Each structure stands twice: as structure tokens, then as C-alpha cells.
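Listed after this line are the structures, all set down as C-alpha cells.
Heads up, the next two complexes both have chain A, just with different partners, chain B and then chain C.
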Partner chain A sequence: MGSVFGFLEVVINSSTSILFGALGILIMQLAGVMNIGAEGMMLIGAFSGVVGSSITGNVWMGALFALVITGVTGLVYGFCTITMKANQVVVGIALNIFGEGITTTLYRMIFGMDSDSTKVDSFHTVGPFNIPVYIGILMVILLTVFLYKTKCGLQIRGAGEYPKAIDSVGMNVNRIRYLSVVAGSMIIGLGGAYLSLGDLSFFTENMVSGRGYIALAAVIFGRYTAVGTWLAVLVFGAGEAMVYRFQAASIGVPTQMILMIPYLLTVIAVAAFGHKGNGPAALGIPWSKEEKQ
Partner chain B sequence: MNMKKIIKPVLSILLALLVGAIVIAVVGENPLDIYRSMLVGAFGSKSAVAGTLVKTTTMIFVGLSYGFAYKCGLVNIGIEGQLYMGGLLSALAAIYVELPAPIHIPLCLIAGFAGGAIWGAIAGWLKNRFNASEMITTVMMNYIATYFVAFMVNGPIKEKDGTYPQSERILDSARFPTLVPGTQLTIGILIAIIAVVLYIIYWKKTAGGFEMSVVGSSERVAAYAGIPVKRMIITSMLISGGLGGLAGAAEVLGVQFKIMDGLSSGYGFDGIAVSLLGNNSGIGIMLSSLLFGALRYGGNAIQMFTSLPIAVIYILQALVILFVVVDVFRMERRK
Partner chain C sequence: MKKKTLIALIMTLALAGSCIGCGSGGSSSASDSGDSGSSSASASDIKVALVLPGSANDKGWNQEAYDGLQEIKENGYETAYSENVEASDYETIFRGYADQGYNVVFGHGTEFEDAAESVAPDYPDTMFCITSSDISQEPNVCSLQNLNNEQGFIAGVVAALATKSGTVAAIGGMEIPSIQSYIMGFEQGVDYVDNGTTALTAYTGDFSDATKVMEQAKAFIDQGADIISQDADEAGLGLFEAVKDAPEGVYAIGSVTDQYEECPGRVLTSATNNIGEAMAVAVDQYASGDLTAQCYKYGIAEGVIGLADYHDCSDVLTDEQKDFINETMDKIASGEITVESAQQ
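Here is the complex of A and B:
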């Protein structure tokens, strides 16, 4: 029994960063803005979290700093995709490349090659988990209520599903999308910050290693609902927990084969549940009043 | 019209360099010094030019790879993985098959193409069969491929006498002959140029290329016109993957002469920028490959002679992509 619980503990711990990432992506995509760039946003969140907390000496200030920086990143993302109506996939890819470049460069410039210098405090633990884990689970519940039981949530989903209707009642589609993108980006950034502050308490180059894409897969796999996304994230968390288990057990399977598991699992999940039709109808289509939609 | 085609990428590059300069200044280096050492590093001597052209070779293959899928409406973010699988298969052919050079080199190239093509086609098949977004599957398959290659060079094909996780050196008969004696420049660049020519012919002159571009602009229209959409998708991913595989083969046969863990340092992602900046056209891809080749090779000089890491060029690359796609000057906007 103890080992089952221990396994679950690892599952939940290692999936929390992906959970934040996925919930942020969920909000953005429900509002109609596609986000391939979560990988870069998480990386920026992870880095700025470490910077903020090593400057202030407080891990929460670090998380706050990450929120601000990724909020600004989201604003730029919104400007490119909503105002300038640029191809959302390509802007996302550019963001991922930018995230890798800027964090690696700044990391070397600020901290040098010595990885010990970025060692920062971790979050407090309550019971088996640290506080952000509970915040993540709370967020799943709050988001479900917010998106499906409030007027505001309805407007967000409307902007992604049928923007014309939102516009015809005199509301500003692009303003709703901007707010969703910035809020979503901040939550994604929190996922990155959790990775560097909660999971590991240091930054390493390119540490997100595909989690942004896995989070996106989880949103699709979870059928665009908060609870579904959470369950999907737990499946991927189980993949990562299996990696640790197999590595610890040293059962003779080569390490590299074990490390493939989460990625293989994602491919299988997307293939098994990746049917379109659950996604918002206007996902990826920029809105403009004058043009026929 | 034609002027715009040239002005837009040039302005995008200039803007990217400008914003990049601000970033460099913020981290406390002199942007002019950095750009100068990059320029000298890329073109300052005969061997520098050769080095730049070697990187250009890789850039052409990855650029063509992204462009080929993009023209069919597909987003192949998995070039990195296709490069690794192509590199692996061509290395196997180059190490373990003994043949005279005129046959051995083509065989290794075919093996490289096949390695990438299989990897790309799997994503195409998953899309056709299960409606799985290729954007996610190809990224995941990058990780799977790099881990698989890491597994191979740590175990099954690890060199006999040596401690590094790398394969044996490839046989001499599989090595690309040198083009300019005393430099790194090999016939790889010629093979890349042949690939560009074939790319242009395919998209401009063949029925298959036309049908595929119809699929790229609208799957629905293509289906109405009786074009086999699914077959086009899988063919496109196959060839796109194959071109990515050739990038790996060129790296193994012309640069590293073995395969190891870090065969590519993110070249697969460079393909996206190369292709977008070149507007997915053959000539455009060739020109932007030269730019990114110079950036890559000149980037080494930055790493060596200044305190900045080579990752700076990722920032420049991302900015170039952004300025191209965001259309800052509203050149493509309707009146």
C-alpha cells in the first residue's frame, strides 16, 4: 500500500508543472487563440522564477516575478496573433526558439556556468505535497466553475466557438481574447516556475524539455475541459513516475528507452483521443469585424 | 510585387538584427563587436567561408524539409528527429557495408533519406488514420529519436576501443570527397543544390506538386477536385522527413564521420526559420540557408571570443521568424 501511495505522490508531484501549463493553454485555446508556444513560455517562467527568488530570497516573490514576466510575454503573443493577426502556429514556434535563446543567454550571463549559484529555496510543504500542488488542484475546480457556470466563462468560450455571436451582442471579441491570452500565459508561466522552484529548486538550460507540448497534448486528450485535462495530465505524470521507478529499480532496460516513455505515451494518447471536433470552432482564426467569418 | 518579395525578408533581417542588438546591449556586450566577430567568423578567411558553406548545406536540407511539408499545409516540427534517424541509418550503411565509393555514398544517402522518411511518414500516417495533430506527434518523435540514437551509441553500435558514446568511424569509401583541398568543404553542398533544383522542378513543373499545393491551400477544395488528400499528406511527410534525414546523412558523411549523441544542435528547428524567411521557395531557401549557415558558423566565433553563448543566435532566429510572419509593414494586407 505504501508503495502505491508513494507512486501516486510522485505522479502528482511530477505532473503539477504540466497541469499549470495545460490549464493556461486551455483558457487561451477556448478563447480561440492557439498556443504552440507554451514550451517557450514555461521556459521563460522557469528562468524568471529562479531569478526573482534568488534576488529577493523568497520563493513566492520568484513565482510572482515569473507571473509578471510571462504576463508580458503573453501580451506580446497577443499583439502578434490578435492585433497583427499573424499565423498563430508560427508565432508559437518563434516563441519557443526565442525562449530557449533568451533564457540560455541570460542564464550564462547572470549565473555563469556554475549551476550551484542558482540554488534557491523551495516551496513549503503541507502534508505530502508543497503548496502549489494544492493550488493546481484548486485551480481545476475553480476553472470548471468559472468556465461553465459564469457569464465571463461563457464569453470566453463564445469568443473561441462563435465570435460573431459575441460581437453581435456588442462585446469586444479581441478584448476577451487578449485577457484570456495574458491570464493563460501567466498560468503557463507558473507551470514553468513550479518546475524550477517546486520540483528542482534550480534552473538548467532547456529544462522544460517538451512539457509545453505535452501540456498541449493533454488539453486535446482531455477534450477541452479542466477536469479532463487534469486526468490527462495525471496519465503523463504516471509516465514520468514510471521513468523514476524503472531507473531506481535498475531492471536492465537501458535508460534511454525508459526516458522515451512520456513522449511515447503522448503520441499514443494523441492518436487515441486526438479527434478534432472537441476543439473550439474558431480556434486559430483571427477575428476582425469587417471580414466575413 | 517582385520587389516586395525581396524587401520584406531583408527588412525582417535588419529589424531582427536591430532588436537583437538591443538585447545584446542589455546583457552588457557591445552589439557592434558581436556582429563584427560573427561576420569575420563566418566570412573572414577561406576556411571560414568553407565552414559557413558546410553549415549552409545542413540548412538547405532542413529548410527544404520544412518547406515541403508546409506547402502541403503540414507543420513538421519533427525535423530534428528525422535528422537523427537519417543520420543513424546512413551511419549504419557507412560503417557496416563495404562497397566502392561510387556506390557506397549513394547507398548511404538513400539510407539517410529512408531513415528520415520513415520517421516523417509515421506522423503522416497517425494524422491520416487517427487525426492526430502532426504538430504534437512530430515533436514527441524528436525526443524518441534522440533517445533512440543515444541508446544505440551507448550500446549496440558503440565503438569498440573508446570510452565516448559514439559509433565507429565510417569507412573511407562513404566519406564525402573534399571539394576544396585543405578545407571542410565537401560535395555535400553540391548534393544540397541538386535537392534544391529537384524541389523547384517538383513544385513548379509536376502534376504531383500542383495537386499537393492544392491540398496545402484547402483540403476541402482538393477533395472536391478528386485529389487523394490522404495520399498527398503521407507522401508529403515522407519526402519532408526524407529531406530531414538527408541533413543527418550529410552531417555523418561530410562533417562528423561517425554518429553520436549530439549529432545535431537544434538544426531541425533552424529549418523552420530558413523556410519561412525564404518564403518556402527553392531559391529563397537557398539564400536564407546561406544567412543561417553564416549565423551558425559565425555564432561559434561569438562563443569562442566573447562571453556570449551561441544561444544568442536563437534569439536572432526567433526575431527573424517573428518579423517575417507578423508582417510589420503590412505589405500583404488588403487595401
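Here is the complex of A and C:
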């Protein structure tokens, strides 16, 4: 039993940052704004979390700082995609490149080029997990209720599914989208901060290493529901955990095959369950009142 | 409407444009010659360039070369470097530096071999020097072979002597020849001690994801390993996070530089790899006209590979064991022990 719990612990630990990223993407995409830029947002979150924690010496202030900075990033993203109606894929990719560049540059400016890493205050564990792990699970439940049982949730989904209906009852589609983008970005940023301040206590360049893209895949695989997304993220986490176990057990399988497991699992899962495209109908289409949708 | 589209376009371009120069596309930054005044006139005329496959701030392989370049700069040479260079750009960047009249161009890693061999004939006045390689091509391609296998070997010897549980582990980053050599050396080192210790090894597949190294180290600890080493550059820092939370008696062995500060009290020692020193020596040789097209080997014998201080973990090993480690290093240096390598 001990080893089963140990395995589950690793699954949940290694999937939490992706879970935050995926939930943030979920909110944005349900409101109709595509987000390829989660990778960059997570990096910015990871970095600003470390900066905040380093300056104040308190990990919660670090997390707050990450929330504020990624919220501002989300605002800029919203301005480009909602107000300016720029191509959301292009802005997302630009954000990823920007995120890598700006965090690398600022990291070196602030922490220098020393060969020691800069350690900062990090999240404490309660029971088997860090506090953010519990927040993540709580968020899955809260988001499910919020998105499917409340008026606000309905409005968000409406903005992504059929913005004309939202507009016709006198609500502002773009305002709903702005709020969703900023809120979603903050949750994504928290995922980044968990990465640098959860199990670790430092920032490394490009430390997100593709988790933003995996989060995006998890949202699609999870069929745009919070619980589905969570399960998708856990599948990937299980793959990761298997990699560590198999390698530690030295069972004689070539490393390359073992390293393939998480991606193989994801591909199989998407092929098996993700056949129906059930994303929001207006995803990626900027809303404007004057134009015919 | 049109105006808005234009502004949107400009915004997007500005966002994309702001990252050129710091993105992963191979940023380069040239620095002014650090003329200290004390150096000879010839030194300041020699221009040295360094091309890195990864980030100059990776706390490992690339940073070691970057630090070496800083030393070269302090010695009075004019220096420049490019980092995060993609394989497709190796030749272009080599040609770029050679065209600008750089005298010595370092390609930091095995992966630069082909580019150096094909570019070199066009630039007879530039010396191309590849690290972690054994190639040479008359008249202007030389290589500095830092012996990672010896580095792994001493880490393995230390681990096998220090273990109480009889299981030790080593974690590599990407499975490339230099890292493979370290891992192979580690296994041979454990075998050499021959006290029934089991060596477990793993690769995480990249050099930037510290979480993976941390989780891998935790899996090894669960498996019973109590001494764990790493060779994964920046990602390797994850090892120290795992050891920090581990039960008593679990220690890390650092690599490349003395990594004691990463987790004081839990870092037994570090198997160091000071390739930057070898680079500085090579540049001085160039200045005096002694750098020729051959492979220069840098291992324990040359002082490039070594063992860092034990700091306050000194009592983990007995004095006899420390003597044994020193004797083993002497034997490697004298050639009495040969360590197999993934690179030929």
C-alpha cells in the first residue's frame, strides 16, 4: 500500500502545475479566447513568484506577486486579442517567445550570473502535499460549480459559444471575455509559481519545459470541463510518475522508451477519447458588434 | 476598422520584436575588450569567441565555459559569445565570428565537430577549438577533451564507499555522449570499489526541468539509494531539493563545480569539471603560438577533473576511504586505471 500511496503522491505532485495551467486555459477558452501562450504565462508566473518571494521573504507574497504580474500579462493579451482583434494564435506564440526572453533577461539582471542558485522561501507541506495542491483540487470543484451552476458561468460559456445571444440581452461580450482572460491568466500564473515555489525553491531558465502546451492538450482532452481536465492532467502525471519508477527500478528497458511514456499515454488517450471536437463554437473569433458573426 | 487592424499588427510585432535578442534563437552579445593594461600587447589583439549550445547561466556545462571566457577576458583578450545556439546555426555563427576576424572560436560540445570541420578550411587564420571532443584537422581545428568518464568514475568511487544502504544512483540529463560518459564512469567507479554496491542510473531527457531530476531522485531514494549524483546542468539542481527533504543519511554528490552551497550538510562533495580552465590555457597557448591542430586531453592528470572539498560532511568517509579515493585518482592520472567512455 505504501508504494501505491507513494506513486499517487508523485502523480498529484507532478501534475499540479499543469492542472493550474489547464484550468486557467479552460476559463479563457470557454469565454472564446484561444490561449496558445500559456507556456509564456507560466514562465512569467514562475519567475515573478521567485522575485516576489525573494524580495519579501514570504512565499505567499511571492504567489501574490505572480498573480498580479500574470494578471497584467493577461490584460495585455486581452487588449491584443479582444480590443485589437489580433490573431490569437500569433499573439499566443509571441507571448511564449516573449516570456522566455523577458524572464531569462530579468533573471540574469536581478540574480546575476553566479554559479549558485538563488534559494527563496517556498510553499510548506501540510500532510503529504504542498498547500497549492489542495487549492488546485478545491479549484476543480469550485470551477465546476461556478461554470455550470451559476449565472456568471453561463455568461462566460455563452460568450464563447454564441456571443450574439449574450449581446442581444444587453450584456457586454468583450467585458466578460476580458474578465475571463485576466482571471484565467492569474490561475495559469499560479501554476508557474507552483513550479518554482512548490517542490523547488528557485527559478531556472525555461523551467516550464512544455507544460503550458500539455495543459492546452489536457483542456481539449478533458472536453472543456474542469473535472475532465483534471483527469486528463492526472493521466499525464501518471505517465511522468511511471518514468521515474521504471528508471529507478532499472528494469532494463532503454531510457528513450521510458521517457516516451507520458507522451504515448497522452496520444493514446486523445485518440481514444478526444475524437469529438466539442470546443466553444466562437473560440478564436474576436467579437464585434458591427460585424456579422 | 483599418486603423485598429494596423495598431493590432504593430502591437503584435512589438511583442514579438521585443524578444529578439533575448529569445532562444541564438542571442549573441559581444563585449568590449577588458583591457587591464597589465597584459601584453599581443593579448589585446587576440579575439576569442565562444559558441554555446545552451544558456550561459545554466549552473553547469555552459556556465563553466562562460566562466572560462570571463577568465580569458580578464587575461586581457577581447571576447564575445553566443548562447542557446541551434544546431542549424552552428556553421553560420562560426563563419560570422571568423569573418569578424576572431582568432580563436570555441564550439562548446561534441555537437560542434561537423560544423568546425566544414568551416575551418575557409578561414585558415582562425583556430576552431571544440570542447568535449577529440577531433583535429590540419591546420586549424583542435579539440579539448574533458574526460567526463573520469569525473563520473570518482563520483562512483566516492558513492560506493559512502553508502550505508548498498545502493547508489546517478541521474543524467539528455542522453548525449558527454553525459553518457559520466554515467558510464559512475558505474565503473562503483564496480571498481567492488563492495557489492548497486549502481542505479537514469536520464531525465533534458537540462532545464529541475522538477524531473527532483522526482527521479525521490524515486531513487524510495528505491533505497542513499548517495545520489547528477550530471544534468541546471536541471540537476533539483537533486538538492530532493535530498533536502530526504531522511537522514542521504547525501548528494554535486558535479561540475563545488555545489556544497546548494544544500549545506547534505552535499558529500562534488566531482568537478573545470573545462573553463582548459580553455584559458588553450588561449594562452594560442598567444604564444603553441596551439596546434590536435586533441588536448584534460582529465584528472591535468587538474581539470577533480574532487571538491568535503566541507562538513567530512566524517561520512573514514580517513582510509579518503586515502583510497586519492590513490584511485592518482592511478587514473598515471594511466594505471583506464576508464571507458561513450566518446571514442
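As a working rule, the second predicted complex is superposed on the first by the 263 of 293 C-alpha atoms of A that agree within 3 Å, B and C clash if a C-alpha of one lies under 4 Å from a C-alpha of the other, contacts with A are read in each partner's own complex, and residues count from 1 in each chain.
Note that a residue touches a chain if its C-beta (ideal position, glycine included) is under 8 Å from a C-beta of that chain, and two chains touch if they have at least 3 such contacts.
All values reported here derive from a predicted model rather than from experimental measurement.
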Who does A:199 touch here: chain B (first), chain C (second), both, or neither? second
Taking the superposition on A as described, I'd like to know which of chain B and chain C A:169 touches: first, second, both or neither. neither
Applying the document's definition of touch, where does A:13 land relative to chain B and chain C: first, second, both, or neither? second
Examine A:251 and indicate which partner it touches, taking first as chain B and second as chain C; both and neither are also allowed. neither
I'd like to know which partner A:36 touches here: chain B for first, chain C for second, both or neither. first
Using the superposition on chain A described above, determine whether A:217 touches chain B (first), chain C (second), both, or neither. first
Now for A:105: first (chain B), second (chain C), both, or neither, which partner does it touch? both
For A:270 in the superposed arrangement: first (chain B), second (chain C), both or neither? first
Where does A:4 make contact in the superposed view: on chain B (first), on chain C (second), on both, or on neither? neither
Kindly list the residues of chain A that each of chain B and chain C touches, one partner per complex. 80, 84, 86-87, 90-91, 94-95, 97-98, 100-102, 104-105, 108, 205, 209, 256, 259
Spell out the part of chain C that touches chain A in their complex, as residue ranges. 4-5, 7-9, 11-12, 15-16, 18-19, 21-24, 55-59, 63, 66-67, 169, 175, 200-206, 208-212, 214-216, 218-220, 222-223, 225, 234-235, 237-238, 241, 257, 261-262
Quick one: which bits of chain A touch chain B in the complex? Just the residue numbers, please. 36, 80, 84, 86-87, 89-91, 93-95, 97-98, 100-102, 104-106, 108-109, 205, 209-210, 213-214, 216-217, 220, 254, 256-257, 259-260, 263-264, 266-267, 270-272, 274-276
Could you please specify the touching residues of chain A with respect to chain C in the complex? 3, 6, 10, 13-14, 17, 76, 79-80, 84-87, 90-91, 94-95, 97-98, 100-102, 104-105, 107-108, 113, 115-117, 195, 199-202, 204-207, 209, 240-241, 243-245, 247-250, 255-256, 259
Which part of chain B faces chain A closely enough to touch in the complex? 23, 27-28, 75, 77, 126, 129-133, 135-137, 139-141, 143-144, 147-148, 150-151, 154-155, 266, 269, 272-273, 276, 307-309, 311-319, 321-322, 325-328
